[in-house]
Amino acid sequence: MIMADLLEVKNLTKYYPVEKGVFKQSVGTVKAIDGVDFSIAVKETLGLVGESGCGKTTCGRLIANLLPPTGGQVLFDDEDIYSLRGKHLTAFRKKVQVLFQDPFSSLDPRQSIYDIITEPIRIHRLHNKKDTRTKVEELLGLVGLPNDIVNGYPHQLSGGQRQRIGLARILSLNPRLIIADEPVSSLDISIQAQIINLFKDLQQKYDLSYLFISHDLGVVKHIAHRIAVMYRGKIMELADSEELFARPFHPYTKMLIQSIPSIRTRKNAVLAGLEKDELPVPVKGCAFYARCAKAEDRCREMVPILEPKGEKHFVCCWNPE
Amino acid sequence: MWQKLKNNRLAVSGLVIITILVAVALLAPKIVPYEPTSQNILERLQKPSIRHWLGTDELGRDVLSRIIYGARISLSVGFIAVGISLFIGVFFGALAGFYGHWIDSLIMRFVDIMFCFPSFFLILMIIAVLGPNIYNVMIIIGITSWPGIARLVRGEILSVKEREYVYAAKAIGASDLRIIFKHILPNALGPVLVTATLGIADAILVESGLSFLGLGVQPPMPSWGNILTSGKDYIESAWWLTLFPGLAILVTILSYNLIGEGLREVIDPKL
Amino acid sequence: MQNLLEIKDLNVEYYKGGQAIPAVRGVDLAVKPGEIIGLVGESGCGKSSIALSIMRLIPPKQGKIISGQILFAGRDIVKFSEDECRDYRGNKIGMVFQEAFSSLNPVFKVGDQIKEAIKLHNPDLGQEECRQRSIDALRLVNIPQPKERYGSYPHQLSGGMQQRAMLAMALACHPQLLIADEPTTALDVTIQSQILDLLVKFKSELTMSILMITHNLAIVSQIADTVAIMYAGQIVELASREKIFNNPLHPYTIGLLNSVPDIATRKERLVQITGQIPDPGNLPDGCPFDPRCPEALTACKDAGPLMVEIEEQHFVRCFKQINVTQG
């Protein structure tokens, strides 16, 4: 089912300077993304999971070429996306689309629904006026919305409807990869399931690939083929979805899985240790050191790297078990 | 937006008054009962009557006609001064907001410095140098009141710039210009419009103040401010000389403020 | 055991554009001492309005309690004067909100804010005594180094610590009932489980009752004794946790449970509830769930069903279940 790689991320980094004073001198850096590698195949969904502030949103924006990276490469169809200019860049922008988290802030409140859906078509001059109408009806049908919705404005719609509008808008460009940043986290449960199912249907129909960014392992488990777990800008573990839940190696992954309540089983609480923002950013050594129950001297001194541990299973830890 | 504004009774009444005032100012030559500058010593300092609805001044000029012509001055000072400050303010604010870094620092420090001067005295100083006339007044009010607008525009743009729909537009391949004009500016201009409306009221007030001090519009050309000035000498004997121009200023400022507040309520999604 | 809180036929309306919109429609609910009740529903179902009604915090211009009783230890809160309300809030009933950061005043030290709450309800206590009690409250919610943390400002604390501080403030006067409105929704999962632990600890150690308001069924399944499922302003199913999760009877509860992307299972396709949540200003004539219900009967179109005890201590508001039990 899964074919060749569509997207390849190589040693991607993004540092933000910390600025101070009247003329904004740089006094240090924040490592939002710190050496990230992964790939996404055609028709594959990669789940990118982590807690707030771990860099997953930055990662999505880097891959969509919405932010310039500090270092590293992203190859899409074997082309480095950051060297694209002019019409090559425009072509890339058609193929890779982003669906944002907050359906309330990702639609321009001053545009009508019709204008929102057709904006990509107008920008890329894909259809003439008459065809655009038909196309809009087709897109609305795809995402399960009635045609008469086009005359309204975003504030008249519910969260689920807005997220469907967001999908219709980007589908008009026939993208190959959709970067979905927490697309269902602000939706009600009954609506969440509808949108997750819609994602799956569209993937089957159009051979889409997804980078599905979420803090909710439960949601990701139901949609992703593979899952990457991120902590402080680094990937801690990367494996097939089933494999990750059956045999998590990294202490952080284990902690995450144990912390999530399930309606099926009642759990004892986990010792999650201190919160990450209570802790200083380590200068050297493993990013997870301060919260890790298994930490030893080596972890404090040396940075672990993402290494294979079993088939298609990668772990970034000195003591995986 | 218009629908919502229509439901705000106070804002609508403000709008109606301003519309009437604008119409009166435009049609002034056609509707004034007397020439505003024609003197008639025989009819000086007359009380309001059928012949002179709002009375006459110390030179026997009709107060109503002078107030109507004064409306032309006051309204145009308001519009033009705010137009100038909007133009400068939006330009510098947008520049600072879009480009950030040292451009932002430079412009904002300059704005801070502008805020440090008590602006009325700054205006007085410049007038003293350039000489008092109506055009100087407009320009000077304009170039001293832009910093507030610049700061507001910058703030709005900084916050709108980070909204997800701006990223969303970039992600579907929209050009920078399209993003700025289609997505950022329209969404940032709401509060600016409110401030500008309130700014018109301020400008009219400053003009009246300057004219009252004799530094604005020079007699015999009538302005609400200088009608007041000439009236102040007769305040005990001829109350109509100060009451009516004062009322005109009050009603106009109030109307602009009502419109401004109404707009604020319409534009602010939190209300 | 006698009920600590008893809500009887509560009706709440909100006003929007001159129109009265029902938010809570005839809710009956009882909370026993030392019990955790999970009140679950999707956005706009009225769960937060119930919490605000109990606290008498519905903004007077935006809405009001139309009818019903809220008995707390035998006294009707609905009839309280503003003075009596103030005495109850914080003292007898504590509340924590979803956004801890915006609920804390940014310009005061966390400890002083807790001290203030204690002083308010115990005017006879000395400054030092109040200070000691607030440090105790901070210790109670497992904030490390409570003495040092007393002097921190809200922005110096992480999201989880802020929520703990809010809990400490709510608990400082030892209320008998804690209302927790989505207390963990804004937190990371690892922190969420710690806060839930705390709530369970309060229940067992302080015999406090907790009304837990959330949209997250999994959280409720972890800590609640009794679960109430709300839909369109009504409670549609009310039973013990075991019964709700092992033998759900209302089609909405069943649909909700099926649509949760649960961590313990993996389905190729989630079972979804079709359609949208109804507009509270324009509810259907019959059962509000009828348009989305896979098992709707013709009777459901015409009238809303009443709450019926289908089995012992298992209440359901559904015509189909009533038919089943009646043969």
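Every chain is named by a letter (A, B and C) in the order it is written, and numbering of its residues begins at 1.
Throughout what follows, a residue touches a chain if its C-beta (ideal position, glycine included) is under 8 Å from a C-beta of that chain, and two chains touch if they have at least 3 such contacts.
Every value quoted in this text rests on a predicted model; they were computed, and no experiment measured them.
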Write out the two chains that share the greatest number of C-beta pairs in contact. A-C
Looking at Cα centroids only, farthest away from chain C lies chain B
Mind checking the centre-to-centre distance between chain B and chain C? Centres are C-alpha means, answer in whole Å. 52
Between chain A and chain C, centroid-to-centroid distance (C-alpha), Å: 32
Between chain A and chain B, what's the gap in Å when you average each chain's C-alpha atoms? 49
Hey, which residues of chain A end up touching chain C in the complex? 51-52, 158-161, 188-194, 196-197, 200, 215-219, 221-223, 241-242, 245, 255-267, 269-270, 272, 274-275, 277-278
For the chain A and chain B complex, residues of the former touching the latter: 22-24, 61, 64, 66, 90, 93-94, 96-98, 100-102, 105-110, 119-120, 123-124, 155, 166, 169-170, 173
The chain C residues in contact with chain A across the complex are 42-43, 144, 158-161, 188-194, 196-197, 215-219, 221-222, 245, 255-274, 276-277
Which part of chain B faces chain A closely enough to touch in the complex? 101-102, 105, 109, 163-165, 167-175, 178, 182-183, 186-187, 269
